[in-house]
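The letters A, B, C, D and E name the chains in turn, as written, and every chain counts its residues from 1.
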Amino acid sequence: MLSEPLTRSENSLKPLLRASALFCERDERVLFSGLDFSVFAGDLMQVQGSNGSGKTTLLRILCGLNTSYEGDIFWQEQDIDEDRETFQASLLYIGHRVGVNKILTARENLRWSSALHAPVTDAGIDAALAEVGLAGYADIACRNMSAGQQQRVSLARLLLSPARLWVLDEPFTTLDVSGVKVLETLMAEHVGKGGAVLVTTHHQLNVPCELRRLNLDK
Amino acid sequence: MLSEPLTRSENSLKPLLRASALFCERDERVLFSGLDFSVFAGDLMQVQGSNGSGKTTLLRILCGLNTSYEGDIFWQEQDIDEDRETFQASLLYIGHRVGVNKILTARENLRWSSALHAPVTDAGIDAALAEVGLAGYADIACRNMSAGQQQRVSLARLLLSPARLWVLDEPFTTLDVSGVKVLETLMAEHVGKGGAVLVTTHHQLNVPCELRRLNLDK
Amino acid sequence: MNDNPGIPQVSTFSAFRATLRRDLLIALKRRNDLLNPLMFFLIVVSLFPLGVSSDPVELTRISAGIVWVSALLASMLSLDNLYRADYEDGSLEQLLLSPQPLYFMVLAKNISHWLISGLPVVLLSPLLAYMLYLPSDAYWTLVFTLLLGTPVLSLFGSIGVALTVGLGSRGLILAVIVLPLTVPVLIIGAKAVADVSLGLSLDMHYALLGAMLALSLSLAPLASAAALRISVN
Amino acid sequence: MNDNPGIPQVSTFSAFRATLRRDLLIALKRRNDLLNPLMFFLIVVSLFPLGVSSDPVELTRISAGIVWVSALLASMLSLDNLYRADYEDGSLEQLLLSPQPLYFMVLAKNISHWLISGLPVVLLSPLLAYMLYLPSDAYWTLVFTLLLGTPVLSLFGSIGVALTVGLGSRGLILAVIVLPLTVPVLIIGAKAVADVSLGLSLDMHYALLGAMLALSLSLAPLASAAALRISVN
Amino acid sequence: MWLWFSKLGSPKWFYELSSKWLPWLVVAMTVLLTVGIVWALLFVPEDYQQGFTNRIFYVHVPVASISLAVFPLMAVAGIITLVWKMKLADMVAKCAAPIGAWFTAFALISGAVWGQPTWGTWWVWDARLTSMLLQFFLLIGVIALRSAIESTDSAAKACALLSIVGAINVPIIKYSVEWWNTLHQPASDLTLNESGANGPEIWVPLLIMMGAVYCFFVVSLVLATRNEILQRERRSQWVVDLIAKARV
């Protein structure tokens, strides 16, 4: 449900997200330095690297959750520190912690998270849940869901949010084969519609669109 | 480091672990009923099933962590309820929560967990950590490790424990390619030495030994 | 403010309402979130007749202070789940990354927290005051001062929780950080109740409490918001 | 006991020691686990002169009770991290699945918890007693009763924590479950200190506290162990 | 202005500057201290009512008055840390907290020691004492938070925030405590004016001691900060060189 106007501004010359000279070290170890890259509309970029290479750190830095870094990050050529709200309005982040409250039901969780971003109807929520294979689980407390099911609840957010940039940190963990398929198609569709996806995963992505890679190993 | 005598009792006729007529339902949904299976010495058994099919539940039942089930479970033909200690002495379980304290260092964590099962030397710990690719991380607080590195710490337990039966719940999540390789070899070696492994994972195992499958989907 | 017209925006107010509703909903589902502050308050207060003395004259003299101290502790301890769960399951990150001004989101959380843990305590206080032989003419003062005071406690406490939410070691550090900050409220509140029996005018007390409430309403959520950003870092 | 000779066994005792050492180590690493119970104790005690009255005569009369109640609260609240972290990171499951008798493992955890949070409080109590003008002849009684009492609090508390460790909503429910259990200790302890000034014999009080300690040492860990098994289920 | 600021912000600059004038400070401190102590102990006339004990006055008052300055100091450092992200400010704040706590504790103790002969008790819930005690708690809170947070960066910001909140609260606490104290007068209370009434032979040595104790505070703060700087910058080139020089 990417909303109309986005697809208009489809000039791949102007990057959506641009990082310049990123430098980050954590307890004495430099994770990356002088890291430059741009993410354009229509990009599906996989951040690769061995365990501990700094993928999670990088994603959190890009989202503005982690501020202990040097360098600049631009959203549509504007420094994100200057206008957080515009950036955050078009950002959707799902991290190691998926952001699903265990006590609430899937529906209540989604209702809240979309209330922060864009209004949705209950029908919309049901549709989204059905699409991620949780039809009928809308009103079960997430505490009573399996690891993978909880992950799927968080994936339903992808369908409900108007965000243009998806930042996904290992979204495939605990997903079964069908779940993996669903997510891969979602990502492909999103970039097809002029969105962009930044994803880390250790598993072999196979998506119909071409796949850019950013490798953090030295 | 499976200790000698185990390999002696290598008669695949007498199953190590046998479950008979297992039945479990969770909030109104029957996960499995009349489930019978045996795990023999030398077996590497992968428990399969889609998200929410009950893999984690089954494993926790087999370990005795979850007691809300019907049916019987036998360790070497003896009901596990009768002699927990023998069973637990030869069991090693690693679940969704890997059991690594974030404040302690890798070494301290391993020292404790092996103090509960079998004495180990510091050299042994270092060797184990090196084998799982954490050489040099022995004395870093686990809170300062990445998701995958913490997972690797828990895998080091496999090398230090004398347990004969390994029960691993999605041990591959957050492991990078090299990590996956390491774990697969570990499992193969273990069954090779007459141990047994019960593992759930959504990823394609490729192991040199043959692989038994238990599918929970109907 | 938003040069990306394509994106359907939600008004800050509706986001505020949604957050408020969500937190209340969670509290309702864990019924004991509603019950516990009350029970704790009740139990702590009743510890004193047991531990100190059950002599009415004695109790009368100390009742005001005890009720206030207990209320203070109750609202301190109920604070623990204010951001914790959200931090652990990642909802907090979602909140921080939402395009909404954090001030209002935090305010919503604080308000719901007060409604859940502060208000019931206020409403229960007369009963306990009675059990401790507080002179009956002081009941209303007790209720009013608590009504003005407990929100301040929640708002201040929120800062402490926000600062400590990232820490593995939880529990007491919160109290250690926050309790000293809340002393003025305690002093004024307890003194007001005590002064009733001395027949002094209470305008001053109310004025002070009101001022504190206003101050903390306007500043504390900002501090909490900043603290949260620091903690998730 | 173990028909699997092939497996090198560790003695229960060394496992006990390892667990004890581990918990102490964790506390040492989080330095303020040691500091906070003390500070909390100190702060809570000093809330009363502020809230109740700073008049020495008044304070003398209530000091025993206040110190005891504060100690009770301090050890209650420091309980929160007793099993929580282990539950959340899965170490608890490892403990339950170890071939060691759970009684001793739990005992080890309780002991280390008392050493960390209970003992310091006991040692600090005379100072606070002085600040509250407790008659000086009651100091030793205070220390002794606390010395007998606080372990009971830890042991009882442990049951409560074990029961609630699985619950998302933490904090107060613990206090609500545990505080009532600990009332007898409070009553006897506080009464003993109060009785000193009345010149009554204290043998009875000590005997009772001792009995409680013995009882809880033998039974409480069993209850905690059972509760833990239930909670991880 | 900005240039000067960023310059001052550099730990290296501070370290070198402080190495220049630290010796002078130490000299000043020792001189003042010796003069002040000798004068206070030997040449000040016995106090008619308190006898010898009122000599404590000469350490107690300066120490106590410094303790009052600690929170504002930390708050200012905190603001600088949060606004200009200046590392040096945080290092100062970090070192100021424990030192301030010690001074506060010493004010409490010296006061208590004084109180024993003066009021016949070590402690009363007097306004000034109580607010001092509360300030001590606040300081401990900051220290506890600092030690609880792993990453230096978050710890810096968190403590900065807490110091600012605390600094806003200190006057409120002080005011409310004094106000509370007006209700039930404690056993005795401290009266400043007395000392004011006394002649120069009392307050001149007091001034000297004030200067001495202030110097002492600054010196200890600077020393601690220098340690902190070396600690944090240990991998930067200039520190490496420094250590290399120290070796040979």
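The working rule: a contact is a pair of C-beta atoms (placed from the backbone, for glycine too) under 8 Å apart; a residue touches a chain by one contact, two chains touch by 3 or more.
A quick note: this is a predicted structure, and the numbers were derived from the prediction, not measured.
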Most remote chain w.r.t. Chain E, using mean C-alpha positions, is B
Matching the CA atoms of chain A with those of chain B requires turning by an angle in degrees, to the nearest 5, of 180
If you tally C-beta contacts across D-E and across A-C, the winner is A-C
Maximum distance between Cα centroids and chain C occurs for chain B
CA centroids of chain B and chain C: separation to the nearest Å works out as 46
Whole-angstrom distance, CA centroid of chain A to CA centroid of chain E, is 49
Expressed in whole Å, how far the mean CA point of chain C lies from that of chain E is 33
Residues of chain A that touch at least two other chains are 68, 96, 102-103
By the touch definition above, chain E meets two or more other chains at residues 134, 137, 140-141, 144, 148, 151, 153-154, 177, 180
Going by residue number, chain D touches two or more other chains at 30, 32, 35-36, 39, 43, 50, 53, 85, 88, 168
Within their complex, chain C touches chain D through residues 30, 32-33, 35-37, 39-40, 43-44, 47-48, 50-53, 58, 61-62, 64-66, 68-69, 72-74, 77-81, 84-85, 88, 168-173, 175-176, 179-180, 183, 186-187, 190
Given the complex, residues on chain E that touch chain A span 151, 153-154, 235
The chain A residues in contact with chain E across the complex are 28, 68
Given the complex, residues on chain D that touch chain B span 1-10, 14-15, 18-19, 22, 25-26, 29-30, 85-86, 88-91, 93-100, 229, 232-233
In their shared complex, chain E is touched by residues of chain C numbered 159, 163-164, 166-167, 169, 173, 176-177, 179-181, 183-184, 187-188, 191, 194-195, 208, 212, 219, 223, 226-227, 230-231, 233
